[in-house]
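You will see two complexes here that share subunit A, one where it goes with subunit B and one where it goes with subunit C.
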Partner chain A sequence: MRHLRKILALSLAILMLSAALSACSGGKTNEASPQSTAETTQPQVSAEPVIGGELTVGIAQDLDDTLDPQKMVSAGTREVLFNVYEGLVKPDTKGNLIPAVASDYKISDTGDTFTFTLRDSVKFHNGNVVTVKDVVYSIKRAAGLDTGETLIDGFDAVKSVEAPDEKTVVVTLKEPNIEFLALFTAAIIPDGNDPTKETVGTGPFKFISRSPQENIVLENFSDYWGTPANVDKVTYKIIDNAETLVMSLKSGAVDLVAHLTSAQVKELGEGFTIMEGTMNLVQAVYINNTKEPFNNVKVRQALSYAIDRGAIMDYLADGRGALVGSSMYPAFQKYFKPELVDYYTYDTEKAKQLLRDAGYPDGFEMSITVPSNYQPHVDTAQVIAEQLKAIGVTVNIDLVDWGTWLSKVYQGRDYQSTVIGVDASMMTARAMLERFSSDSGSNFTNFSDPEYDKVFKEAIASTDDEKQVELYKQLQTILTEDAANLYIQDMCDLVAMGNGLQGYEFYPIYVMDLSKVYFTK
Partner chain B sequence: MKYILKKVAIFLITLLGISVLVFLAFQIIPGDPTTRMLGTQATPEKVALLREQLGLNEPAVLRYFKWLVGFVKGDYGTSYSYNIPVSELLSGKIAITAALSGISFIMVLVISLPLGVILARFAHSIPDRIISVLNQIIMSIPAFFIGIIFTYVFGLIFKLFTPGDFIPYAEDPSKFWSFLVFPALAIALPKSAMVIKLLRSSMVKEMSEDYVRTAYSRGNSRWQVLSRHVMRNAIIPVITFLAVTLVDIIAGSIIIEQVFAIPGMGRLLLASIIGRDLPVVQTIIMIISIAVISVNYIADISYKYIDPRIRFR
Partner chain C sequence: MRKSPNYNLIAGCSLTAVTVSVIVLGFFWTPFDPDAMSPIKKSIGPCLSHFLGTDNFGRDILSRVMEGAGTTLSIAFFAVSIGATFGTLIGGLTGYFGGVADEIVMRINDAVTAFPSILLALVVVSITGTGKEIIIIVLGILFIPSFARVVRGEFAKQRNMDYVRNAKLMGVRHTRIMFVHILPNIGPVLLSSIAIGFNNAVLAEASMSFLGVGIKPSESASLGRILLESQSYLFSAPWQALSAGCAISILILGFALISEGLGYRRVWRTATKRRRKVDA
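Up next is the complex of A and B:
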């Protein structure tokens, strides 16, 4: 008895100790390999592509706004459904709009009539060929021509949709808008279809099933009109815990995860292909321009000078990311104005002077409201709070959940400042810049400048592409000079692939194209 | 009979109170289902239209009573986020969480009851002291942290399971159960430590009572005394605690489901709170409440069978 007791005690102790030790060594291996893993690619040098295979992708958020491609609002939903639905045109990796369901398009010189020729025998996932009827239905539905309810922002500009013959669809706008082509990336669905009940698109993958908070399953669509996808099946696993997401990659339970932080990538260790791109958004301290003391331009400028953006990027992602100086991100090459990036360089003396001029020689107290579920934004706010101490500004960070952020900050505009990333749901400059015109419903910063409004009206009405680009650049300059917001960066987007997966490509908008990835031997 | 009627009445009043509180909480916190559904595309017009479509423009009191009548009739409403009936949405999730909590509770019993008795039997010996210290340490580690350590140690190093690779029961029952072992253990360990400590001290206290000496003097062996006499008296406070533990386990599984990416009720509850999906939240809270109240009643009733001196009033 006595003997048995000793053995029991001893073996228990050993078990506990070994568990504790291996936990330690597990932690150490990660720390011991700091920078090397953060570099891109290493495993198989000449890896041979394999067609087929089942791909598992880890995503942090379920598609819980809606499965309706014309009603979806969350970036995470857009990213997944990009593989299922297509529009008349679709974006490519360079940001151009290429024909998809349509094989060709023409924009009238007046800039208000778009004529599309349908591609021959594009098939829906249910096997039916796409007809002009389906296209007319889809566009009418998005514009709400029959219901009066516009589903996609900007589609209220559509005056009429007609199909003069079996192959042609003509869309007429109320006013000229040469940027409108980008809106035709809107999903084409079968005539009479309700996408919340039945998911039928024309994309390279067809929708098979979903289980809330568990997974979404897609399958390679064999009748796809374009270059078919490489893998047979895609399972999106919803893993909202950041730690679990990394461990699922390490264990091989998932093959691909996007939007990782550099800390997460460091934790991964070796054997993964890491791709670095940008998130395609503008991260900034967005400011409620009507609230004291931010209604004073000198205060906003002072804060712009007082923020060390390099330090933020170092802290967040070891210096990765791209600096921005206005409400446009660099991947939008056509419109991006690089000169604005360094308009405000870190200079606390200048900042203090401006504060004195503005009548706040001793600084003031301000609050930054941040959604708690976006760790990078929370971290950014914390770094900024520290930096602003140098000019006597005391920052209180107010953490709120996403629902509260949306209703209080975004819709209610009841806040002082907030750290967030603003992206474009469509590849148009207008999508980035419209929100700062005084009467915009999405102007959550309450920015108001008569000059801006005037130039904006001119820009959207312009039918000359070159002139329009110039005007949009002018708008960015106004935002920078007025220090409408404290612009920081377009955050880096890190994608990790395991199990020999290759072929991921970044787009200049927030989507995830899985048709191009492939496994290697 | 009167006792049962009284209990049922309290049961229903408690549930009603909870449902009112949940409903009130959702009236107070900022945002409603339209917030999530419209996201950053929300404009005042769109919000107004969607609120109209979802029936959110009716007065709150009316909406509450509509929900209540539906709930009593067995209609739990439709999820705003997923656009499917709540009953359909929850049917698979409840089973997963129940399985996880069930295994976890069995583990607590299997680990803590024998260990508690053995430690009491050999109280103040060296192994007892070592285990008591370990016990104290384990007790103070939160379950989610044990979960993370387990994932590293048993998942990534010993490869006893694949972290993040939950397999539904319908697909492969044996893989389903084996995946749940470590999450369940992560919940069970700190709880077991507490039960061990309580059972041990409760038994040690009983062992110094007079009736124990009497039992010995009647020629009973040490184990007989422990199992027949001491255990019966020592177990009453432990049962109360086990009831609390079971409730804690259900709550703990909500956290553990996040760590192990198990698509159970807990994850759905958290997601639904963020999405302001009231019908889902209401139903899940009701289910958890019913479970919690029932567990407490079962504990009450079990006292009577263990100790006939306890009478219901």
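Up next is the complex of A and C:
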């Protein structure tokens, strides 16, 4: 009896030891290839699509700000209402603007007059056909021409809206701006409609109901002018806890969840279609360009060389994400300049040399202010702090809450450097690049370069699309060469789908298009 | 009657001795550099070279827990020192002299205790910014009321005792009576509340760091921060959260047992004293 116990104890000990050892080696091999833990499958062609079905989507926040598509500010609201409302034009997955409620548009050579031809028989969810009256009302409402209150930023540039005939709408701007076309993605609503009381749009889904903090229900709109949606009904479930969101997906209570982190996808395990996209923002160490020692361009360049961006992506998301080299993200193909991505390659020797040239042979001490509620940014700051030790730079990480960050860093510009992601409020290059011109109110990096200001003025005044793109690329080059900020990446955005769901597509802006997803057998 | 061994005190002391020696060792030596990151060592489970595994940055968790427990403990030590010193002073003065000043100070005390101390600490830290020194000062100040209350009660009890009256009649100075005559008599009570104070301080620091307003990530590791960072890897790499969680539990258990043991000793002592009186 005694012997038996001894043997049992011994074998148990050996078992535990070997388990520990295998965990050690097993972990290493697993981590080397992130694909092994999370399946990344493209939409399968072999699986047979099924038309219909009820889709449940998990989202982290309710539509708290407003149901008014012209007043909404939160990205989470925009993401849901994208399926309900459409503008005269709408974005496609490549970042182009394609005609929607309008079948055709023309921009005058002077760049200040937009002429839209309405598409035949586009219907609202209430059954009425869209007329020029509805369009004029919608644009006037957004621009506040009658009320004086501009609902959508930038729409104050509209001088007048007219409808010369039953099919044509002419919008005149106060000054030339060909990029203004992107603003016509603004929702078209019926004449006299108050969207907070009645939600009527022209999108592929019609709004059925909303229970605050619980769910939002949409239904397939059968009279949609374009390709109709595949599923019959969509229910958004509001689940604000990240862990619960993953668990609901795992249990099958939810079919689709977007904006997951790499760690959350790992928790999911097998049996899900994971789609990988990017968040459409530029994550960088944004630098206060007027603060010592960052007013010296050599110091900024040195730091750019000293940061190993690949390692940051490895730590944060198992290598997922897209590198950036300037203030433009890759999904914005039209303007993105890929040559800038590898302008600064990881090279500590070069960094040390530049620091010596700049007069800081022993490095210096700097602080990075990070909003504590964004763990990816906090993690990035930690990795950077560790990497900069190699060139003798000591980093203090100051954690602040989001409100403090907004008032102190973004508005007060009282900081040395910060890690944050900056996105575009609308699909124009201007939205990304305007903030670096010296007189911009949102220039929180205090970047100031006469050459940049000159090119920027030229770019926004340009009425030739091709030339404008060229000028915007030139601006990006200036930012990179001057090392205005330590550009890192466009962070990865993962979408997980269960229950045989397929067909999700990413857009270069923060929306979730549910008309294309479908169930498979 | 044979005195049964005070198991609580023995267990508490030995547990604390072990943890404190590991922590002190951590001040001078850790198996790995607690901050050294390595992409190829990401999230390895516990094994022979990394006894508690590694975290999502490839940092050795054992080293981080050693350093983190050190940070947590040193913050607790200084915070409790501030609390106990000032608490004893305030409690001693008010308890010994009584009167209006006693009333006023104790009502202020009540007002401060009415707020949960972590909440107050959060408010202060959100105004002043985070950092080790600030947390020590804030927690120290917040611990003063609880010590003041305990000490005041004891002083009020002792001041009417014969030995104090005798001393007064003999013309001994108030300060001498307070700190040389009375203070040693309330030693056990003070000690056990210091042990409880330690527990509260460890928990407070860990919770603040967990909420992201404690130790700065660039300063040093802290048990609360390790917990915070391991949150999203609870299922895929549970060893991260478990190591930090267990470390906090063991630290607290040690002090809790000591405080329990001291309390038991006090009860036992007074009981025997009473029995002796009856015997006589």
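Criterion: the second predicted complex is superposed on the first by the 464 of 521 C-alpha atoms of A that agree within 3 Å, B and C clash if a C-alpha of one lies under 4 Å from a C-alpha of the other, contacts with A are read in each partner's own complex, and residues count from 1 in each chain.
We adopt the following convention: a contact is a pair of C-beta atoms (placed from the backbone, for glycine too) under 8 Å apart; a residue touches a chain by one contact, two chains touch by 3 or more.
Treat the numbers as computed from the prediction; the structure is a model and nothing was measured.
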Touched partner set for A:Ser209, first subunit B, second subunit C, both or neither: neither
First, second, both or neither for A:Thr261, with subunit B first and subunit C second: second
Partner contacting more residues of subunit A (subunit B vs subunit C): B
Which superposed partner A:Thr110 touches (first subunit B, second subunit C, both, neither): neither
Which of subunit B and subunit C A:Ser74 touches, first, second, both or neither: first
Which of subunit B and subunit C A:Thr345 touches, first, second, both or neither: neither
Partner chain(s) touched by A:Asn128 [first = subunit B, second = subunit C, both, neither]: neither
Touched partner set for A:Thr404, first subunit B, second subunit C, both or neither: both
Where subunit A meets both subunit C and subunit B, residue numbers: 23, 26-27, 243, 373, 400-401, 404
Touching residues on subunit A, where the partner in the complex is subunit C: 20-21, 23-28, 31-32, 242-243, 261, 263-264, 266-267, 311, 314-315, 372-373, 375, 378-379, 381-383, 385-386, 395-401, 404
Touching residues (chain side subunit B, partner subunit A) in the complex: 29-32, 35-45, 47, 49, 79, 81-83, 89, 92-93, 122, 125-127, 130-131, 134, 148-149, 151-153, 155-157, 162-166, 168, 258-261, 263, 267-268, 271, 274-277
Contact footprint of subunit A on subunit C as seen in their complex: 35-37, 39-50, 53, 56-58, 126, 129-130, 212-213, 216-219, 229, 232-236
Sites on subunit A touched by subunit B in the complex: 5-6, 8-9, 12-13, 16, 19, 22-23, 26-27, 58, 62, 64-67, 71, 73-74, 149, 153, 196, 211-215, 237-241, 243-245, 247-254, 373, 400-404, 406-408, 410-412, 422, 425, 441-442
